[in-house]
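Chains: A, B and C, in written order; residue numbering restarts at 1 for each.
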Amino acid sequence: MPIIETHRLRKVFRSVERQPGVGGALRSLFSRQYVDKVAVEDVNLTMETGELVGYIGPNGAGKSTTIKMLTGILVPTSGDIRVAGIVPYQKRKENARNIGVVFGQRSQLYWDLPLRESFELLRAIYAVPRPKYEANMAFFSEILDLDEFMTTPVRQLSLGQRMRGDFAAAMLHDPPIVYLDEPTIGLDVVAKEAIRTFIAKVNEERGTTVILTTHDLADVERLCNRIVLIDDGRIVYDGALERLRMEYGTHRTLVVTLADTCEDLSFPHTELVEQEANVVHLKFDRRKITAEHLLRLVTERCTISDVSIVEPEMEDIIRRIYLEGYRTQAPTPAS
Amino acid sequence: MTAVRPYFEFAKVAFSREATYRFEVFTSIGSLLVRVYLFRMVWTALYFHNAGIRELTLAEAITYSTVALLMSLVMDIDQTRLLVSKLDDGSIAMDFMKPISVPLYFFSDGTGEVSFHALLIVPSLILALFIVHIQVPDPIVLCVFFLSFFLGYLVGLLMNFCLNCIAFWTLEIQAMQLIVTWITDLLGGEVIPLVFFPPLVQGFIYFLPFAAMYSTPVLIYVGVIGPDEYLRALLLQAVWIVVFGIGAVLMWRFGSRRVVVQGG
Amino acid sequence: MSTLAIWADVYKQYWRINFLTALEYRANFLVWFAFTFIYHATALAALYIVLREFPVMNGWSFSEMAFLYSLWMLAHALNNTLFLTVGDVPEHVRDGEIDRVFVRPLNPLFQILTTPQQIFPDELILAILLFILATIWAKPIIDVWFVIFMPLVVIGGALIDFAINLLIATCAFWFVKVDGLRWVAFQLEQEFTRYPISIYTKGVRLVLTFLLPYAFMNYYPATFFLDKTENALHLAPQVGLLSPLVGVACFCVAYAFWRVGLNHYEGVGH
């Protein structure tokens, strides 16, 4: 049975329309005009235990609204929703036992005291039996390297350390599902990698289902084999990352190191996007011309010493989808 | 004229800002009226059960409390708290880089804020008259009262500014400010007219700055401080203005230097 | 683990963190204690000064007024020790931190009441000291009723205080900013518990008894324990013993409203 199931999930927010001016303010005392905003429409999600899913979309697309409904913070306007067999907003406490949440921008640790104290309080809140608690603490301390700052007051921790602490805090009670909201935001490269490694490890070793919401597509590329893309309240893509790249990544880049100056760098279906010294980046539409063909054309005209191919940037793909909307484009074979 | 212009703008901005807090306006007028009522009932009960001649008649006592409460609409405001909040979030560094006098900026902001609240005195007074009867002195006394009120306001403004400057050294000044507020209310004669204090204490209380804020103006209004004592009373207020004025200049100089040296 | 056991464990951890944090920020704690002390000291000084000049107030002497004050202070201090964190709800609603109570497997109100905040029962200790002094001075009748009901009355008073704070905090789900409301409520509480309510007009006495039952925090219990011949509404003197019930009733009303607020928040987000 899937661990997360939503069917035709819909959420509408109603707000009061503010009338401009004094006349409008007076008028609104007597009759109020409402404006309905559909935040989430017809969202059907199914996730199996142990999946690591990236949930992405532009700001205001409905990501956090969906997550809030899954975590029981918000009640849907209509539609079915079931997490680990429970309807979140009906059985909030049971649902809470099954989930862990990391809000990237807000910590659940207690600011003034050493990290350890926060864990003790959370242990009490989640009623984690002592042996399990010790075992988990040992596990997380090891893979997150917590020992070095376990007794430091949280307010003195660096962002990276605090985030590691937040992770351990979220998973202290062994939740089968974990929601991560912008977990790597603001972290330096080293810290990001540490967090990503941790997420992958927890997912592999403990079979924890992870839903990752992020704007950092490098997170997604590194961790997720499935992404769900939401735009304007609707699911626009739900499937493997590779397929998205294949379908939407219409352009690849041929990076050529020239051994000698080359006069003419224009080629069919190709754009010269960057040239630094003798390294040339040629972006080509792979629906119109294959890498092999282009390479042949290049070598006919120039002498090269090195070549590599760069796959389409996830950033570009996503940006195009945000801007243009999603259309399935099967790559047509090149001539 | 152009040199003064920016400060005028600051005051205007602060004024408009206060005007947007509609709910706060209602609650401050509302709570004032409740307290006017309360004081009337308390004084009435006290005077009813305790015969005797006192410094103030019942009518004067009620007038005293009402006038003091109306004054508090203006006096209770911490006008230079902008200093503290800017030190807290570090944005004061930006202000130092602008071609304006930073303390004057704070004073202008405070003036704008207070001006708005001063306007509230009018409706509050009108509504209060439904609850109590206030005595009105002669026009000359009234004028001296307004002068004394203004001087008392300055004492309060400068004293609070000095207190706010402590934030240059430690941001945890909230509790201390509250302590000063409560002491001011008691020793300044806002809650209880100083004339009712034990005689021994009265001796030196009148010389404290707190008395200069509330007690002096209101006692002038009610007539306890008579015309022959006006000069002395006003001079005492002026002395405190000078004292806190010097204090303000010194604290600002040393405090602002700290910011510039240490960074945000 | 049973819910009660979990609650006890969480509560224990909560107080441990409170104490540790208070110790950590010793200087800050001392300054706030100084404020608490001065706040109550000036209130009592004011009462003393007034009653020195006007010895009789509706039949209440200064020692009796001190007793009245100490009853209020006990209830208020108990509220501040146990239920103070409710005042943070509007801020949590504003910054979204309130979401967290939905995501943890505990009653939301209990979670809010056990959010560590550097609380220390210093005010409560002061209140107990004052109460002892006032009792010695005002000489209420110390019998079985006194011993059994005094703690209950204090708890009842604390619940009334808590209920009103909870009502105001719940308004934040609709209005977000409730500072003005909170300030007004506190001023009302302060002023109207200072003096015996018999000095007010009938309408006000009714309001303070049945609508905003501040009178049950200290006035009615005081009239009972001090064996006053009559109270403000000419009710039976035992009415003062109803404080605990009034407190519980107020809490139930406030809690029901809190549930409504939570549901509203879940429906509309923020």
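Everything that follows uses one rule, which is that a contact is a pair of C-beta atoms (placed from the backbone, for glycine too) under 8 Å apart; a residue touches a chain by one contact, two chains touch by 3 or more.
Remember, it's a predicted structure, so these values are computed and weren't measured experimentally.
Most remote chain with respect to chain B, judged by CA-atom centres, is A. Of all chains shown, the one whose average CA position lies nearest the global CA mean is C. Here the CA centre of chain B is 30 Å from the CA centre of chain C. Computed centre separation for the pair chain A/chain C is 47 angstrom, with centres defined by C-alpha atoms. For this pair, chain A with chain B, the centres built from the Cα atoms lie 55 Å apart.
Residues of chain B found to touch two or more other chains are absent. Interface residues of chain C, counted against chain A in their complex, comprise 1, 6, 9-10, 12-14, 16-17, 20-21, 24-25, 95-97, 99-100, 102-106, 111, 116, 118, 266-269. By the touch rule above, chain B contacts chain C in their complex via residues 21, 23-24, 26-28, 30-31, 34-35, 37-38, 41-42, 44-47, 49-50, 54, 172, 175-176, 178-179, 182-183, 185-186, 191-192, 196-198. On the chain A side of its complex with chain C, the touching residues are 13-14, 65, 68, 71-75, 89, 92-94, 96-97, 99, 101, 106, 108, 110, 112-113, 117, 120-121, 123-127, 153.
Chain C meets chain B in the complex at residues 27-28, 31-32, 34-35, 38-39, 42, 45-46, 49-50, 52-59, 177, 179-181, 183-184, 187-188, 191-192, 195, 199-201, 204.
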